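Shared between the two complexes below is chain A, which pairs with chain B and chain C, respectively.
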Partner chain A sequence: MDVLQALIVICNFVAVPALAYGSQLALGALGVTLVFGVLRFSNFAHGDTMAFGTMVAILATWWLQSLGIGIHPLPTALIALPFSIAVTAVLLLATDRFVYRFYRAQHSPPVIFVAASIGVMLLFHGLVRLIIGPWDQNFADGERFILSAREFKRATGLDEGLAIKTSQGITVLAAIAIVAWLYWFLNRTRTGKAMRAFSDNQELALLSGIKPERVVAICWIIAAGLATVAGVLYGLDKSFKPFTYFQLLLPIFAAAIVGGLGNPLGAIAGGYLVAFSEIAVTYAFKKVFRYLLPEFLEPSGLAQLLSTDYKLAVSFTILVITLLAKPTGLFGEARQ
Partner chain B sequence: MRIRDPAMFAFAALLIAAVGFAQSWNVALAILNMCLVSAIVALGVNLQWGYAGLFNFGIVGFVALGGVATVLVSAPPVEDAWRAGGSGLAFAALIGLATFVCAGIAFFKLRRGRVRALGTAAILLIGLFLYRSFFDPAVEAIESIEPARFGFLGGFGLPVLVAWPVGALLAAGAAYLIGKVALGLRTDYLAIATLSIAEIIIAVIKNEDWLTRGVKNVIGLPRPVPYEIDLQNSDEFVSAANSIGLDAATASSLFVKISYGGLFLVVLLALYALSQLALNSPWGRMMRAIRDDENAAEALGKDVSGRHLQVFVIGSAICGLAGAMMTTLEGQLTPGQYNPLRFTFLAWVMVIVGGAGSNRGAILGGILVWFFWIEVEYIGAILADSLTFWLGEGSALRMHVMESVAYMRLPTMGLILLLMLRFYPRGLIPEK
Partner chain C sequence: MKLLLTTISALVVAASAQAADQVKIGVIFGFTGPIETLTPAMAAGAELAAQEVSDSGMLLGGATVAAVRGDSTCIDSAAATSAAENLITVDKVNAIVGADCSGVTGAILQSVAIPNGVVMISPSATSPGLSTVEDNGLFFRTAPSDARQGQVLSDVIMERGIESVAVTYTNNDYGKGLADSFESAYTAAGGTVTASVAHEDGKGDYSAEIASLDAAGGDALVVAGYVDQGGQGIIRASLDSGSFDIFVLPDGMHGDSLTDAFGSEIDGSFGTLPGTDSPGASMLADVAGAAEVDASGPFVKESYDAAALLLLAMQAANSSASADLMNKVMDVANAPGEQIFPGELAKGLELLAAGAEIDYVGGSAVELIGPGESAGNYAIKEIQNGEFVTVEFR
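Moving on, here comes the complex of A and B:
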């Protein structure tokens, strides 16, 4: 019985939150990895692209709420998604047209692309602050829980509760749906195959008649979609704050690199790996040990390896270990 | 030297003078002082990026370490805190050291395999628990000593100018450790690694209250220059101020700012001279050769990774020095202000605007970018006011535009960076 209690504590405080957070990171890392695969640079503006997409979704949500439109048990932001993806895609395509295309034509080294993406990052970050302000915004509405701790306790008769937030449920389902669609798109459709071919070998792809500008445009549109969905889901789960989204860049990059930059499956695995380690390392396991260990062995402290203030250290450690031990990532080669 | 270069510096001086006339000389001098510090940071970044082509996105971390050094050197020691927790901390440090030594011995002496992996992990884990059992109570004891005023160990109570070289050394030490681990990575990986190390350094400074008081800030650090109030009480100073037609209050604050400015100028000129000498020496030529073609330089027998580490350490030390100077200027350590957008990426904009690889360019970039960073708000307010006056006082749109001006800085910097990269990729004062 005590083992079961301990298991539920772990589920409630580690597994469920990490599954949701991991899905958000995986979606973000997919965007980074896709841009790297097609355009060959690390896009530092991705975190702020997420912030931009989420901001558009929040504004649309407020407008819909003022009209009284909603889909009650689910958050209103979900109906705002298609619109915000479209706006973000337009923004990214415009950025590509006015910033990156020039350097592509010049065959500039990746360093220049990274520097340009820093400029784009500052621009987007500033734009978001300009429009919606630097503060926290909470835009989750609808039913808060799929399964609340009280219901769970009543149904099972256990002392420990297990709560699943609506946002967590939506996140995991959305991640599964998007990954499945992306897998189908990349492996089964003509455009997807063209993208992979372009990513594998640009010259060969050009020779076989693939239009590079079309591949790049589709890549940005998908990146916009992934960034917006990841951002909105993260915002629903926690809250929206421009600076937090900028900081998300680090775990997202860690996830993408652990899996191997340019490798979509790796990005997903990396997302969950980073999320689970981050939450497991910063969780205080005192309660779990209280159920598992005999009384005299009980830890006196919180049994927490690292305070939550240092959670960035976890993604950093994972990043450095990967880069030093297996620079190509866990899942095959990231091409130089 | 091209004729345009001094002209651009004159233009920068003119901008600052314009602030003096339009706003006030106090504001102008405050901007000038930060311009000088920014120019020093830009020199450091230029050393790494312009000379050696290294991506360092951890600048804010090194600047913050300089700030910490200022506290550790110049703050008066809190003796009660030392008595309460000093021995505990020392024990914890010994245990930490012993753990690493044991783990190292186990790792290098045992044969590769499961025994080694598990043994090393076990040593580290046991060491961590032992360490925490001394460290946590010591920290608690220190932080409970007059938490409203102290709650930290304090510093050594030395003159604050000592903190400047110490800040540089502290940053250099950190850079050495970081560089050892991360410099082998290729460019954008290095950028990401340094970006996250800086975030960790900032997290430590914000959360380890026993060392830096964290977000409670350390205020009232000693100054290398006189206090305004002492100047105002000195008859000599007051009569001198009156004789040039200034009242004592204005004159004293101008005097303090000018003294800081003089100190900063000396440091900046010395660093500039050293950087110029280095750039034109055989060492400088070797660095540029490595930057332009690592493989060729290596084939010619140059120690590429050694030189990279060297220039990474020196550049970071300069950032640490600038950080110590900044904290000295402010007279307090406010860890909450260390934001990568404001320090790291702004420094990059400075170097790219000025011209990577050119020291004069870095200085000019530092001055101009800092100037606009501060003045965008003022210029933006005037612009917004004159563009929206026809909307009428109560208009909601006008109110929103006027409020948004406060957030104009970042997009302006992003735009400047993109425009420079596109149209002047070699910067205002290009490398020769």
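Moving on, here comes the complex of A and C:
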């Protein structure tokens, strides 16, 4: 029985939150890795693109709520998604047209693109703060729990509860669906194959008649979709605040780099790796040990490796270790 | 020799008559800086008391009162001390109402008030450190020390039979000071604090903090944070993961946004908020309303009381000099004597002039204890059916 209790504690405080957070990071890292694969630069504006997409979704959600439209028990923000993806895609395409296309025509080195994307990041960040303000916004509605801790305790008669939030369930399902679709798109469709060809060798792709501007446009549209979905899911699960999204950039890049930039499967694995490390390293295992160990071995402290304040430092450490030990990432192949 | 004595006493009389014409009090608050939204109402409260005394024409045989403002900035000690220096040397104020934030209050006290021998009464500096500071008897405050709130919280929790709690506090001087004072009071009373974990405000997600607090265990969670910041996130995360159901809420956690967000989910949680059932508060609201001052804001009542105490102490000492009035502040603030409420300052002045004793109650039920700080009156509130309900005062 005690082993079961310990297992439930771990599920409740580590596995379920990390699975949801990891899915959100994986979707974000997929966007970063896709832009890197096709356009060959690290898009620092991705975190704030997520913030922008989420902001549009929040505004649309409020509008829908004022009309009384909803899909109870699911959150209203889900109906607002297609619209917000479209708006974000328009923003990214416009940014590409007015910023990145210029540098592409010049054949600028990647570092110039990165610098430009930092400018775009600041612009998006300011835009979001200007429109919706720097404060916390909570836009989750609908049923809050699939399984609440109290119900779980009552149903099983155990001391420990297990809670699964609706947003966590939606996040994991959405991540699976999107990853499956992306996999199919990149490997089975003509456009997907063209994108991969463009990513592998730009000159050869041009020679075989692939239109570069079309590939770039599709890449931005998909990036907008991934960013908006990741942002909305994160916002539903936690809360929306522009600065938090700005800070998400670090774990997202850590995830993308651990998996190998440009590798979609790596981005997903990286997302879960970063999320599980962040949560497991800062979790206090005292309760788990209390259930598992005999009384005389019970830890007197919290059995916590790092204070929760150091969560961001965990992604940073993962990033540094990867860059030192295996710069191409776990799944990346060496590039010339 | 006799002539000399007569001349001197005549000069003294002339000098005191001169001083009686106008009394100046300095009002040092952070009119710029992080609490600039609160200070205009606080200063208006202090000036309201000054005006009331001035209009009565009974202070020291008909002196008028002028309030001179200075900017403490709340955080910049250098700017605050130079503003205070200016008030004392250039404007020649007799005493000071202020300062507001604990840091600058300590700085002004040490480098300006003590060297110049000027009395300060702060309405809002709550740091426990100011209780033990060497002040030569010049410093008073109409606000309670945070140590007092820790004690009250501990008492309330113990009375409810909760003997082990986890504590989380917002990572700044307020949160840390309150958490420390609570922890020492609670452990002294026999309770156990299973863990004391800081949280940063403004994060999107507090599930990690709750995970460690849950691992530590405890029958309730003390949330020494802010209602519109991390404090609310902590409660959300705790409810989501099903760890704590009962929350203990110090003053920073009281607000409608809390009950709006959680409703009856947090029924049975309770906490403390500075407040009083004394009729003084509503009487001050009436007086202030007539002068179009909003007395409901934080520390406005305390500001009114600080200025009133200064002027009443002057009357009791029959002198506007700080060196004289400093010995009378405690006398006019505490029993015995007739109770004086806001709007009754003229009555108080009259009684003091006649040599009677008064017990100034004011808007915040002033009762000065120990080194001259408010005993602190707290309303104990409980959440019942999704609403804050006041259950008792202490």
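The working rule: the second predicted complex is superposed on the first by the 333 of 336 C-alpha atoms of A that agree within 3 Å, B and C clash if a C-alpha of one lies under 4 Å from a C-alpha of the other, contacts with A are read in each partner's own complex, and residues count from 1 in each chain.
Assume contacts are C-beta pairs under 8 Å (C-beta built on N, C-alpha and C of every residue); 3 or more make two chains touch, one makes a residue touch a chain.
None of the values given here were measured: they were computed from a predicted structure.
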Which holds for A:Ala284: it touches chain B only (first), chain C only (second), both, or neither?
-> second
Could you tell me if A:Asp309 is touching chain B, chain C, both of them or neither one (first, second, both, neither)?
-> both
Contacts of A:Arg150 with chain B and chain C, given as first, second, both or neither = second
State whether A:Pro82 touches chain B only (first), chain C only (second), both chains, or neither.
-> neither
So, A:Ala163: does it touch chain B (first), chain C (second), both, or neither?
-> second
Taking the two structures together, which residues of chain A meet both chain B and chain C?
-> 243, 307, 309
Can you name the residues of chain C that touch chain A in the complex?
-> 195, 197-200, 202-205, 207-209, 211-212, 214-217, 233, 240-243, 261
Residues of chain B defined as touching chain A within the complex = 53, 55, 128, 132, 136, 181-182, 184-189, 191-193, 195-197, 199-200, 203-204, 206-207, 339, 341, 345, 348-349, 352, 404, 407-415, 417-418, 421-422, 425
Of all residues in chain A, those that touch chain C in their complex = 12-14, 17, 21, 136, 138, 144, 148-150, 152-153, 161-163, 165, 234, 237-241, 243-244, 279, 282-288, 302-304, 307-309, 311
Which residues of chain A touch chain B in the complex?
-> 41-42, 44, 99, 102, 110-112, 114-116, 118-127, 129-131, 133-134, 243, 246-247, 249-250, 253-254, 257, 301, 305, 307, 309-310, 312-313, 315-316, 319-320, 323-324, 327, 336
